[in-house]
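Each of the next two complexes has chain A plus one more chain, namely chain B in the first and chain C in the second.
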Partner chain A sequence: MTDTPVLDVQDLHVTFASPRGDVHAVRGASLRVMPGEVVGLVGESGSGKSVLGLTALGLLPAAPEPRIEGTAMLDGIDMVTAAEDERRARRGTYISAVFQDPMGSLNPSMRIGRQVAEAAGGATDEEVAQMLAATGIPEPEHKARAYPHELSGGLRQRVMIAMALSRHPRLIVADEPTTALDVTVQAKVLELLADAARERGVALLLVTHDLGVAARICDRIAVAYAGRIVEEGTCAQILSEPHHPYTVGLLASRPKLDGTIAGGDLPTLPGRPPDPRNPLAGCAFAPRCPAADTECAGPVPNHALGERRDECHHPGVLTRWPEGGPHAGRKDPILLKAPHPAQAPAMIPATPPDPAVVVRGAVRAFERPKPFPFAKRPEPFYAVKGVDLEVPHAGSVAIVGESGSGKSTLLRMIVGLLEPTEGEIELGPGAPPQMIFQDAGASLTPWMAIGKQIEERLIALDVPREERERRVLATLEAVGLPGEAATAVPRALSGGQRQRAAIARAIAVPPALLACDEPVSALDVSLAAQVLNLLCHLRETLDIALLFVTHDLAAARAVADEVVVMQQGEVVERAPTEQLFTDPQHPYTRELIAAVPDVTEVEVAA
Partner chain B sequence: MSTVTPDAPPTTGLTEGALPVEGPGAPAAAKVPGATSKLWRGRRPITPGALSGDTVWHALIPFFVLSFVILVAPVFAPYGSTDVTSAGALHAPTSGAWFGTDEIGRDVFSRVLIGMRVSWFSALGVIFLGTIIGGLIGAVAGAFGGKLDMVLMRITDLFLSLPAPVLAIAVVAAMGPSLRNTLIALSIVWWPWYARIVRGEVRALAARPHTEAARLAGVSRTRLVLKHLLPGAMAPVIVTMSLDVGNLILALAGLSFIGLGAPPPAPELGAMSARGLQYLFGHPWVPIAPAAAVALLALAANLLGDSINRRLDQRTTR
Partner chain C sequence: MAALVLRRFAAMLAVLFGLAVIVFVLQAVIPSDPARAMVGASASKEAVEAKRHELGYDQPLPAQFADYMGRLAQGDLQSSLRTRNEVVEDLRAFAPATFELAFAAMFLAAIGGLGLGLLLAGGGRAGKGIRLLLIGGASIPAFLTGLLLIVVFYSWLGWLPASGRVGDNFVVPDGPTNFLVIDSILNGTPDLTIDALQHLLLPAITLALLPTLAIARTLATSLDAVQKEDYVRTARAKGLKERTVLLKHALRNASGPALTMGGLQVGLMLGSIVVVERIFAWPGIGLYIDQSIAYSDFPAICGATLLLGATYVFLNFLVDLAQAWADPRIRTV
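Moving on, here comes the complex of A and B:
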């Protein structure tokens, strides 16, 4: 490839001023995208990947005034130093963007067709319809007259892609374009994006936290960590022989669809990404790296050979991430099961313990509003249509399905947040069920200290006052939070810590059943693995049954003994976990499994 | 059916182990290593970004300072509100009487200072009353929802539809003109706005997962409203209160200008400019001084309200 790159970022530094010190978001990152190439920029939150993408687009927010050094050459101009009107001229014609939230990027009060025409710099209705059809939107003439809220998430994202392609740009920057979509939709949109780019010879820079997503469509992958590109190479190179230990860890901590079931021992990356306010002089990953030595504190090397590049002091030293990580097999002494007063003397129960929950024929209907006053009330909407389910004592069941499958409604009925329209929900003995929400930040009261919120549950179950403080601290320790977290309000904690705090509240008095609604889908891969491990660990030590609702089959596989697949309010398949993945019966299950972005699949293909 | 036993023995599960405890029935102050007693029971934690009590107090400091100045200013007034000076009636401003004297020889400067205090604190009083009544109704309506919500909000709408001057005329006609009756009339038309704000905020918060999580944790209904819902409505309510002070000062002055305030000897700014209007061309200080005081108060209140708004509005600080 002797062409000039469409995007050439050299030694980029981006620093934001904040009241608590400068935030070094990008610290000397270099990245090239050649014409027609599909490049994945992979990293966890805080790795600087989005800032890099925004810099290339010349769209960095002006509010926390960034200091930018280095160059980001695009079509012969430097997006760092160029004037705003020059940058604007490049956007749309030379470079386009697709963002995570299409609803936020589309004008809610303008019809889709007009927005596409506007993005194209003027287009006739037929041209607009063609553009929409090219992105796989059915009935394009009809959909062009729709408003954004009338379309599904997948269709909206297709509209965004149509708009991005409309001016025949040379480069599209897609920042987490499919993160908000269902798995099967995600797969389709990703393929569309990659195909559209390849057909037209448009280069694509895909910014994502998910190595699996990048592996699915990219030619080349760049791994970002703490504001630098720590490793770069072709997709196959990165996946089959990663040089940087961080890449090895990322690959390992992703729950997989094959191999042994982790059972709460998913490999995890210990620790947390470094504070962007105090970047380390040497390798930023060294504190979390199992292969780090004194040399790693020295200046970061740059090994480059053709397309392959890494910044590790000991490239390739780690081929497998150590099993389990530091939490594996750890048994918290404070959390060992207390003998139940009734069971403590050798009273061997003759019958197995009661199941944590039995659901019989659960139905939930939601009334629909009348279209106009005095109209006949429309048929109610059935979110759950007669589901039977049993979670055994201390068992673990996962419910998988896409949005609209009724899985969350079922979960909410089981914990008692919704009344079933018909059917029975019989809870086993013990403390009432608790729930872990997808957005831990939203499930904690923002102005109340964590300790207070945990204490509330102790109050509710009449734990004597003098015991509460000790219990709060013990619970925090059990979920891996420092005691100081008790005085912190949720906003002072990181995303992973917030989910731990929410779990702490739920298990302060261990419930018989812990219902988890997508507990890790908002978390970074390595954090997700930690939280999944924690849940499995708590299940073992506290005899808590887990009921796990997720769209992520790999996560379900990692924690559940049995998997229930739901579609449109009905259970279409249920099987022990291993069997479901090796021998799926229902076509929908097969579709779900095929849609999971899996890194191993590509390894074989490559 | 549910066979939950909510009062399961709390000893199940978390037990001491790593934590040293002085035997069963250990004293309340059992020491936990690395933690001072009452660790998390401390005062509100200060976290940047979070709307802590301190943020609210800091934002309100200028407001308290101004209120204090207005409160004590009349102490420095040279005359009482009804004292007749030796300068005589309608005397032009002098070094002894900065704003001159009115038609019966009272010191306009002293009356304006006292009148400002009356206006300012009357406005605050109506706002606090409105917040308490409206907040209570709004919180109940928002937290309980359903039929109760509908009934309470329709009553609120009923009061919202009353025009303030008409209601004031009715109250004054029924109970006689006095400052108290004017304030009653204003309170009646003012609280519904607060009921609406609080209800809206509470309903929005009640739909958040944190409310459901608290309910699942077994938090009682009263505690849920007081600790998990109402604090979230504080910021918009405080902002509205502060922006409303100016409105109320103007409303009060307006009512008293058309004769619906306190009867004559009382130093009320609206009434003072109304009665002084007839001297506008010969002795302009008589109506202009109280009118300017109204404008000044309203302006100060709005500026303060804006500054509080900027500091507490979570949409901008987030």
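Moving on, here comes the complex of A and C:
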């Protein structure tokens, strides 16, 4: 190994002008990547990690125009100040990239082979096929003639990797390369990327929000917070002996598979990432840090010792994150009322209450289009092939599986968005089911104030005006939103707040069943933990049954009493949560569990 | 792709059938009496009745419709009341001029829209300002543009002729395509080519102006959107030149909305061709329709309407195919 880093970022500042004030995306970050090294750059959204990666590529968006200070030395030039021609000459040849969304990152109207040949700077069909084969793509000659939409997500990301490797670069910037993929595919693609880099001596800068993903393949990890690298060190150092309380919190808020926190509250980071428009003078994490004191407002220190570096005023002050989330210990009554007297205590019958939903032999087929007019209609596609399911009163069931397993179709049938082709779905007594979606932003009406959207549901029940206002505020309080949120439009809220608002709308009239379709997979880990805690608390306080569709096994373990594993439209295993994780029976379940990137494995190894 | 062509073709036939039905219904409900128009105002009642019987207008409507569709299938559009020729013969004489003008205008609109769209894309504030001006430009009706062009280039500057298809001193060839510009090139008569082009220029520009602006605006907007796509960033990450990124990666993906807009504009253009031919005394279908309307010459009006409608449907069939070419994801639907 030579001593010259392939990438040397020093004191980088990136600021975007915006109508509401400058956004300080990166505020003095320094990071080195040595030849052949695999470095993880970990942080929540808004930490500036992606901006740092794009700066190294010289690909920051042109609008809003960024102001950049500092240097990003790469192959003898500074990617910040060098002429565009010089930077372009480095891209593809010296530094290349793998981006998050492999569907969006490949040109939809160009055949795979041509895109790869172009990345390689011109290549014969044979060479293209070899490159595709090298990233584990089956039938490479055939796939080269396909368009991106004809490939699966995993294959598309392999194509991206083939393109990134095609000109033997010294450094690959991989920005959330597996986040958009199914969990079993994630593991394979991650290993492919790491192996390919190691075999060829290519350095890898892995930008991710998931410490587990970074822990799986990285030599070194740098933790980004509010535009600075607050801590860096070897993988083992960061995981087993974090110095910065933010790293401790990040490690703690990741739902683990070992079950240490199941049933209880997930530890969460209180508050949310700082506003990048008004950066704090001292440690940016201080407002959320349980160990912060007056000293933390002073200039950030720089403790560096060998590979280890941190910017904490009191390094190592926290060894573990304090127990409990924002709701811990809070048992104040929530003002919501159940809509039906049937649930009043006096009328509870001696027999156990009816289940929230019973599904018997549910089948859902989707017709396929005819290949040409007057052709015989092809066999329909069966998304769900005869599923039985029961969610008990105030119970919690998680359906896990990969995309295409039929889990979302099943959920949609249960809430009535789709008619089952066969079988029956029997809903229990109480208010009809409600649903919350993965993309809360898109599920809220953009121009309508949150309060109005909640109120609409009460208007439908003829709740008088004076009471409506009170109930809106009570609902907001129940989901942990401030009363001011009632007048805010969805755009004005953060991602986590939007998901809370969507939940508020769903529970304004407490349903007997709350169906959640990947409710936290678009959220940062610390926010995800908060939302999962919230769902569990609502279940307890309002007797709402939860039906939870997710590909995230850890999230399933955190909220569910029972887990149902689906594969290709069928239930392959169902078991009480603890039993499923400790003693999985079906090979597919085992595969799913094994594929989850877990920081605990590495801790043991280190 | 073959299945898609088949499916779209079947859809096109269905639309054409619908068009024929609409034309028939219009003919049936409009209060005019073709038989009376044919025999003349002074003819006796018996003569009108005889004519009506001869033309089949005394039959019940379903029978008339069957008769009409039967003739249509054989390419018979009846005789013009005014010229006394078969309408098909009349159209054959007038259509080439219209098609030549329409194709010239479409060509200008496609080239102009593409070039202007590329120029306006990513132009920042200046580009957006110009786009606003273009909305103003796009609200000028074609007849006004035509008159303005005549005033400037014919009356003031005297650079270009303002009426007809060709100068009086030329003999019009009976060429293979009946497109003057092409036939004169094939016959090796450059003088005629130049003269025909000069005559073509003003009406073609008049017709092309609105579609050009509409296509340019649509293309620029969708190019701007596509420039923000991840695959454009991927193309840049490959180290491609900005021009390659724009032309090879962005343009094709941005062309869908511009193609849709182009298809719509062709329809509007075929509508305004009647007015523009009148202004420039262009001897085409527009002029033919214009004259036929004055005579309530329904067979002629219907025949010309069917031809223009069919042209529009066919061009949109081509637009559909072009879109499938531009976006392979459409092909599987």
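Definition applied: the second predicted complex is superposed on the first by the 584 of 606 C-alpha atoms of A that agree within 3 Å, B and C clash if a C-alpha of one lies under 4 Å from a C-alpha of the other, contacts with A are read in each partner's own complex, and residues count from 1 in each chain.
Convention: a contact is a pair of C-beta atoms (placed from the backbone, for glycine too) under 8 Å apart; a residue touches a chain by one contact, two chains touch by 3 or more.
Keep in mind the model is a prediction, meaning the values are calculated, not measured.
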{"item": "Which superposed partner A:93 touches (first chain B, second chain C, both, neither)", "value": "second"}
{"item": "Which of chain B and chain C A:463 touches, first, second, both or neither", "value": "first"}
{"item": "Partner chain(s) touched by A:152 [first = chain B, second = chain C, both, neither]", "value": "neither"}
{"item": "Chain B versus chain C as contact partner of A:105, first or second or both or neither", "value": "second"}
{"item": "First (chain B), second (chain C), both or neither touched by A:491", "value": "first"}
{"item": "Dominant contact partner of chain A by residue count, chain C or chain B", "value": "B"}
{"item": "On chain A, positions contacted by chain B and by chain C", "value": "none"}
{"item": "List of chain C residues in touch with chain A within their complex", "value": "2-3, 6-7, 10, 124, 228-231, 233-241, 249, 252-253, 326-329, 332-333"}
{"item": "Residues of chain A defined as touching chain B within the complex", "value": "19-20, 332-338, 340-341, 415-417, 424-435, 437, 439, 442-453, 455-463, 465-467, 469-475, 477-478, 483, 486-489, 491-492, 502, 505-510, 542"}
{"item": "Touching residues (chain side chain A, partner chain C) in the complex", "value": "57, 59, 61, 63, 88-93, 96-97, 99-101, 104-110, 118-119, 121, 147, 149, 160, 163, 369, 371-373"}
{"item": "Chain B - residues contacting chain A, complex", "value": "1-19, 21, 26-30, 32, 34-35, 37-42, 45, 47-52, 208-210, 212-220, 223, 227-228, 231-232"}
